[in-house]
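Got a structure for you, written out below as structure tokens; questions coming shortly.
Chains: A, B, C, D and E, in written order; residue numbering restarts at 1 for each.
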Amino acid sequence: MTPMSGYLLLSALLFSIGLAGALTRRNAILVLIGIELMLNAANLNFIAFWRYGPHPEALTGIMFAIFSISVAAAEAAVGLSIILAVYRHSKTTDLDQMNSMKG
Amino acid sequence: MPEMIDQIFVLLKHWLLAYVPAALQPIVSAVLSVVPVLVAFPLLFAITTVLERKGLGRMQNRYGPNRVGPFGILQPMADGIKSLTKEDIIPRTADQVVHFLAPVMLVIASFVVYSVLPIGKNMVLANLNAGVLFFFAVGSMVELSVFMAGWSSRSKYSLLGAMRAIAQMISYEMPLVLASVVVIMAAGSLSTVAIVNMQAGYTGIWPRWYVFTPWGLTGFVIFMIAATAESNRCPFDMPEGESEIIAGYYIEYSGFKFALFFLGEYLGMFATSAMAITLFLGGWAAPFSFLTWIPSYVWFFVKLLIIIMAFIWVRGTLPRLRMDQLMNFAWKFMLPLSIINIVGAGVWHLIPAGFTRWLIDSLLVIVSCVLLSRGIRRGKSFHVRTYRFAS
Amino acid sequence: MTITFLLLAATTITGTAAAMSLKNLVHCVLALTLGLVSLAALYLQLGAQFVGFTQILVYVGAVAILAAFAIMMTRSAEPAVLTGSSSFRVSGALIALVVFAVLGWAVWSGTGALAVLGPEPEAPVNEIGVALMHRFVLPLEIIGLLLTAALIGAGILAMDETRRTK
Amino acid sequence: MNWIVRNLWLVPVLPLLAAGISALAKRKSRAMAASLAIGSMAISFLLSVWAFAHVLLLRSNGQATQQVFNFRWFQFGNEWLSLGWILNPLTAVMLVMVTFVGMLIFIYSVGYMEHDDNFTRFFCFLALFASAMLGVVIANNLLLLFMCWEIVGLTSYLLIGFWYEKPSAAAASKKAFITTRIGDLPFFLGIVWLYAQSGTLLFYNNGAGCLESTSINHLLTQPTPLGFCSATGIALLVFCGAIGKSGQFPLHVWLPDAMEGPTPVSALIHAATMVAAGVFLVARVYPLMSAHSGIATELTTSTALQAVTWIGAITALFGAVIAVAQFDIKRILAYSTVSQLGYMMMGLGVGGVAVGMFHLITHAFFKSLLFLGAGSVIHGCSGEQDIRRMGGLRKLMPFTFATYTVGMLALCGFPFFFSGFWSKDEILHAAHSWNISQAPYYMGAFAALLTAFYMSRQMFYIFGGKSRLTESSEGHSHSPVSPDHSSHHGSNSPHESPKVMTVPLMLLAPVALLLGFFGTPAWPWFQSFLDATQLAVDFGALSEGSMLPVMLSSSVIVLLGLGIGWWIYGRRPIKSAEAPDNLGKLSPPLFTFLGHAFYVDALYGATVINLNTQLSKISDWLDRWIWNGAVKTVTNIVLGLAHLDNFLDTHVVNSGFDEGCQSVSRSGQILSLLQAGRIQGYLKIVAGAGIAFTLLLLWKAKI
Amino acid sequence: MLGEGILKGLTETARNFLGSYVSKDRLTTIQFPEERLPQIEATRDFPFLVYDGTEWEAGLRCVSCQICEKECPPKCIYIEKSKDKKPDATGKLQFYPTTFNIDISVCMSCQICVEVCPFDAIKMNVEFEMSSEDRFGGLLLRKEQLAKSNEYYNKIHPTEATAVDAALAEERAKAEAKARQTTEAKAATPAPMATPEAGETK
């Protein structure tokens, strides 16, 4: 069990936890958080591969992680504002009730 | 000899370390460097409470506490004992776990921040090369604890106070970070020790602190304003505006937790002012070349005290800002100004030293100040405030 | 497989699992912050200091607070009655499990070859800065643009309708 | 070309206008309709007199008495169809006659139709008829003439069938219309042929008209497959139209039945004007008729004229013979008209335009006089038309009796005083001097004898003896339906007609008397007027040539006829209505045979009608079984095909297609479940896809 | 210019701050229990009864006419009239109150009782530290606690007391003159009856 596979396993677990959350929870915010988790799992992979990868000095893993963090932040912001807008309109954050584009 | 005094604590630590078995070396050294910080700053907190109350009193033509101990020196002891002995009431509907965690997390976050501040020459707990980033990262944990406090006590006032505090802190975190970016650009490194070293040295007797450069000065002013807002002090003490929402998010706390909140708040204040010192006022550097014989940590604490006095002074004069004015000020004045300041710093580095550089930068800053101020005042026709109830 | 890694992994997993399973949303967010902080610690342990601190600054500082605000604004803090039909939840969990199994198998079988343990690469911040400015300057600009767009977009989306249509 | 010629069109148009207005008017506006008709007729009469004076003026100062006004009607292709009207002595005379007689009859019918509901409609038709007749008279274009000719036919149909409630009247009007149409068809063919040959239908178009020498010569040179030249052919065809309209021999059947119409109609149309239209037509196209390749100057008769003569003679004899055995007062007069028309045709054939026209004019006056007299008799006898139920009216209706006797004597041609004598004599004289054969003369003379006989029979029936009206009037009156003779007068005894009816009689009587003197051989003003020859008073002419013997013989004939009439009917008038006719007693079968007009109707019925019905039966059979059958079979085939197609469509194509659609929509149903809007559902699909791909990747990497 | 107001404010507080150390009169606060502010002359807290001479029971000026009881807005005075009479300062026999209670927890120190008292028997005291443990009894002052000497009155309200004393003295002088005239008249008129005169106490 090399240290790297430990990290990869951890990120896989994180990813599946995020996915499970996204799939099972009904509240839109929780789904969003689940997606954030999946993104973090990906980040962990990047850093793990950077750390144990062949060319750490190229810093690509880190760059990728930084960019993905910023994108995730932007995405979270927009996602939450969308949820707010939907809530203001249809007074619910329950995903099952948000199934129609009408209105 | 002055060198020895300057490094007295470092030597002391090393001396003590010698007695510790090698295995425990790292842990003990960590403990030895952490404990003085844990002791020094709460003491400073105590002193500041007294200073503050006496200072405010004096400003309002009255004495200030002078009953406990000579000239009220022992007042903090009394406060401490009072807060310890007071009964710690937890509201029934409160969320016990989060309620308890909130102050703890606040204090921890506040203390962890000190690890990166250089109190004296090579007296810094952790010399991270991303020190400033660490400072802001951990600083932002404070907001979370405020939210936990506000929400967990399940009362309208506390939640309202918490929301206001968070909104304010987030709004002012931006100018704070951008103001520090200016210094990082100049110093070329994120590590606080490097920044201080960049400001060491004197030209003639004048120190080469960043505050003496036009962008440095504006940066410093922006930093201090943002700092006051960050620590919810005086002109920006909306969150615990006593007159409106009775002490904001720590309303449901009493006894020791209440004291912890106070401690956290003051520590936050000291931390940001310490960062201001490291960034703009040359950290532990002496103000004049001929004064270097005074130990570095003394200068640090002197500057800190001066800044604290400034805080108190500001608290004595300025009335509380309204929420929308506060937010407008942050987003429409501070943020643009700090961005322009960054441009100014950039320009500063491009132009060779000399009068033109000064002229351009100061002009840039002054013009933008005037324009932005007019921008703020433009919309402000003083009319009866209309309330919009939460939809 | 150092102790700290195991410890941090455990905290991350408990944090995230709690985040995904707790009923009270605020607790979820707090558990999430715990998970994310421990993840940041993992980054530090891996030597990527800058990423760890940005992770804390971005996620704990901003995203968690944003989620908390969102929860407050959409009144989901009150204990909502959990009506999810069990089959719905079970199928979700099952699929997640299958995904984990597949990934785990992939990791287990795949990374055997890359077990090289290079010297601990350290990435000082200024190197990152240099790399950002030279090789990755285009993504940086694009990210800048993206972030401003997201800022404005989120602002407008969440703005109160009456003010927006004025 | 002065004002009257240019505005001659006013003459027909005014009555047309009157007809139009009264047509649109309400039934109640009776006074307006009457006054409009009479007024327009009066104005037309004045204009006609003006035209007559204009022609006299032209004659007196020696100019050409014929003036023409043509105008372009419309263009088809690059040719222009132009119409026009003509003013020459023939037109002038006819204009005056038609307008004068028409006006009198209009005035008369005001009184006669007083109690009729459709008063305005009657006057509208009368005005329309008058305008059409005047149109025929002044037309300078054969097509215009033909158009007016058709309108005249129409109005005769309308007027005969005026009381259309009476089935007999409706049948009579239909009969009249159809028989005249049969005559008009060849007439139209003639027109077309003429147009084809001569290129224009204008009579006189300063040289280019079809009746002018150039086109006549051209026509003469055109041979026809039947041997005679096209001129003769066209003439014969045109003459057929005249036969139909004037009720000559083969097509005369409609005239007696036309008596169903009100008496003024009979008087105006079936005595004076319309029937004369045929004669006028022949007179108008006389140059065409008389054209023959022989020597133009000498009056050798062309084949067309010979035909006219023969037809005329036969009709004259035929009409007279039948008239003897009739009992209806108006039928007797109708058949006498038929025979007189025969006389006119014979006159035209043998004597030329002047002879025929002179008899036409005189006949118009005394025949209208007789008809109006008969009308007042009927009016007096409150609708009774059967002479056997009349009698003894000479004391009861003195005015009518007096004017009636004048008319009767003029008709018979009583020597010297009456116009009928002079005009008939002219014809007999011309017939006598006809170079082809003497038969027409003898037929004419015998006809004159019979004329005198049946007229005197009629006189004695109506006016002689005692009145037989009282016995049977309440039994059944001959025409129960005719509204105007209802026993409105309260007392059934006959009485004199009102002033408005007797005044026209009083006016017509002297004209009937004096008109003859205009055409006597001694002072032939009328002939010279028509032939545009010099006029000279010459009493010698009376005695020169065969004139004197012809006159003597005719007067003897007339007197003989009257005597026989008095002998049979005057001495012993029948006592009761049912008593057999005196002549009938002599030879009952012959009498009844003549009574039914030689059973010509029956003959036609048997032949033409029968043929028609047979033909219709055959065509009906054909239509029902052959064509219908064919169509039915075809429909059946199509139906079969349709059923087959339907079966195929529903069971094979449709159901197949439906199955297809069903399956598509079912699968659509299933697929739509995927798209149910549940976001997590989509996420699961993505996750599944992710798993599949990774497995694929790994599995591929494995091998 | 932005911040102008702030600077002015800061200078103001700075002046206050430094001023407080430099000029004494800035700090007007006094350390209460140790230092006290001289009371102004017209302070008034709760009423007290004035008595002349040394013996409070006899010298009470109050003749229990009960006007103050009626006039008192919060009704905190309770008087019971005596049956017998005692001679007052001018020697005239007057009633005196057997019990005279004032409930100072109710009294609102409006000084109406002083104004309406025809005999200047009731004045306002300056004593304010009258807290007690017992909420009811402790705050109900009886006649004994209320009675204070005239000298005390002169001490706490000097100007007012002297004016009142002068008026009383003049009144007594007039009464004596009249008494004298009556005695002379009696003397002049040998009216035998001699009423024993109350001892005139000043």
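Methods note: contacts are C-beta pairs under 8 Å (C-beta built on N, C-alpha and C of every residue); 3 or more make two chains touch, one makes a residue touch a chain.
If you're wondering where the values come from, they're calculated on a predicted model, not measured in any experiment.
Chemist: Going by the touch criterion stated earlier, list every chain that contacts chain A and also contacts chain C.
Modeler: Chains touching both chain A and chain C: D.
Chemist: When every step has to jump to a touching chain, what is the lowest number of steps that links chain B to chain D?
Modeler: 2
Chemist: Looking at the contacts, which chains touch chain A and chain E alike?
Modeler: none
Chemist: Measuring between mean CA coordinates, which chain is farthest from chain A?
Modeler: Taking each chain's C-alpha mean as its centre, the farthest from chain A is D.
Chemist: Based on Cα centres, what is the most central chain?
Modeler: Chain nearest the overall C-alpha centroid, as shown: A.
Chemist: Please identify the chain with the largest separation between its CA centroid and the CA centroid of chain B.
Modeler: Between chain B and every other chain, the largest centroid distance is to D.
Chemist: In angstrom, rounded to a whole number, how far apart do the mean CA points of chain B and chain C lie?
Modeler: 29
Chemist: Between chain B and chain E, tell me the centre distance in angstrom, where each centre is the average of that chain's C-alpha atoms.
Modeler: 61
Chemist: In angstrom, rounded to a whole number, how far apart do the mean CA points of chain A and chain B lie?
Modeler: Inter-chain centre distance comes to 33 Å.
Chemist: Measuring from the mean C-alpha position of chain C to the mean C-alpha position of chain E, what distance in angstrom results?
Modeler: Averaging C-alpha atoms per chain gives centres 81 Å apart.
Chemist: Going through chain C residue by residue, note those that touch at least 2 other chains and give them in order.
Modeler: 50, 54, 62, 69, 88, 91-92, 95-96, 99, 103
Chemist: Which residue numbers or ranges of chain D touch two or more of the other chains?
Modeler: Each of 680, 684, 687 in chain D touches at least two other chains.
Chemist: For this structure, give each pair of chains that are touching.
Modeler: Listed in label order, the chain pairs in contact are A-C, A-D, B-C, B-E, C-D.
Chemist: Quick one: which bits of chain B touch chain E in the complex? Just the residue numbers, please.
Modeler: It comes out as residues 55, 58-63, 313-314, 316-318, 369-370, 373, 376.
Chemist: Under the stated contact criterion, what part of chain C meets chain B in this complex?
Modeler: Within the complex, chain C touches chain B at residues 24, 26-27, 30, 33, 49-50, 53-54, 56-57, 60-62, 64-65, 68-69, 72, 77, 124-126, 160.
Chemist: Considering only the defined contacts, which chain A positions touch chain C in the complex?
Modeler: Residue positions touching the partner: 1-10, 12-27, 29-30, 32-34, 36-37, 40, 43-44, 47-48, 50-54, 56-57, 59, 61-63, 65-67, 69-78, 80-85, 87-88, 93-94.
Chemist: Residue numbers of chain C touching chain A in their complex, please.
Modeler: Residue positions touching the partner: 1-2, 5, 9, 12-13, 16-17, 19-21, 25, 28-29, 32, 35-36, 39, 42-43, 46-48, 50-51, 54-55, 58-59, 62-63, 66-67, 69-71, 73-74, 76, 80, 82-84, 88-89, 91-93, 95-97, 99-100, 103-104, 107-108, 111-112, 114-118, 121, 123, 127-128, 131-132, 135-136, 139, 143, 146-147, 149-151, 153-155, 157-158, 161.
Chemist: Would you mind writing out the residues of chain D in touch with chain C in their complex?
Modeler: Of all residues in chain D, those touching chain C are 680, 684, 687-688, 690-691, 694-695, 698, 701.
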